[in-house]
């Protein structure tokens, strides 16, 4: 067992990483499922393996599929920052309290953001996006403080 | 030399990271090369530096360019999860056998996925995508087991 | 304080991560601001919370918004590679001089790339993109050398 495994901040970060990765994979799976349901494909070869009567479109996406995809892409623009800053945060030994608030806060905000996006709930989507961005900004600031 | 450098799981992860990063940069380069060949640009300023007779389009993409770009984006949605989970996996000291299978499996699956995407090979593209997602899910589960 | 916090390569990497994360969040914020200014929305629910007279479009994006979004996406395709390779680089204890050149070089190149993209400055955008990709390639090569 590595010494990091005993660090509560690392344990929480590891758990958050696992949860958010599963969320990311679920949104990717939902995009594929919606696209299949809409019987519209971006690649001509896809309609052959799925439905005989599927429409072949290059570059256009069904509206319901596009919504899931935007939720997916939004997470994809946010999650890598969390992975990068989170590990640096833990390895720098920055504030354990800050870790608890930012890691749990970001994870909760992104799960709720995905739910709000898929269900077209405004202003909740923007609020949860803002909370996630706020957690990342806090982590960046605390990292600079920890290594300065 | 850091103690991690002697850990076989870390060495394999480092190698996989290097390979997948080069694959990512290659797909980015191919998108630019195809776009240049198609003489269609998303930015008006690009046609001036490249070809006098290039078509200026804002927001539309050539079909062959769009295919490379989709392969690139697909990797971009998957690779950050591998980077994040992989490092946490190694630092948590999770199963060395699991590391071997998941790290090598994910890397092979994503190289084959890119080849299948660029050559429009179905159902192979979906199979390799599924194997990659399966490796990531396995890593997430093993991380939770390791820190729990 | 963790032993890594005393490593100059780690400190530089941590600082670069914080700066690039803020850049990423700024580009995300600018996309939203431009979209709001153009009064065009991808999601029907967004026009209700913002402007009464906003046009509701699904899937199309205003030209000025699309430019910021392309700059944002370009960084999003590059930053996760830096996060992944950078941490592996530091943890592998690879060349401290290489770390200084690649970490600072990548960070400077990506800030200048964003400025060049937003102001439609060619060939500067391509030059700064190339410098960033060159730094990442150098990091990948030095990682392989360090663990081999």
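For clarity, chains are labelled A, B and C in written order, and residue numbers in each chain start from 1.
What we mean here is this: contacts are C-beta pairs under 8 Å (C-beta built on N, C-alpha and C of every residue); 3 or more make two chains touch, one makes a residue touch a chain.
Computed from a predicted structure; not experimentally measured.
Rotation angle for the C-alpha superposition of subunit A on subunit B: 120 degrees, rounded in steps of 5.
Where subunit A touches subunit C, under half of the residue numbers in use are shared by the two copies, so each contributes mostly different positions.
Note on chain placement: the centre of subunit A and the centre of subunit C lie 17 Å apart, centres being C-alpha means. Multi-chain contact residues of subunit B (touching two or more other chains) are listed as 76, 80, 83-84, 87.
Within the complex formed with subunit B, the subunit A residues making contact are 1-2, 4-5, 10-11, 13-15, 17-18, 21-22, 24-25, 28-29, 42-46, 48-49, 58-59, 72-73, 76, 79-80, 82-84, 86-87. Residues of subunit A that touch subunit C in their complex: 60-61, 63, 66-67, 70, 76-77, 80-81, 83-85, 87-88, 91-93, 120-123, 125-126, 133, 136-137, 139-141, 143-144, 146-147.
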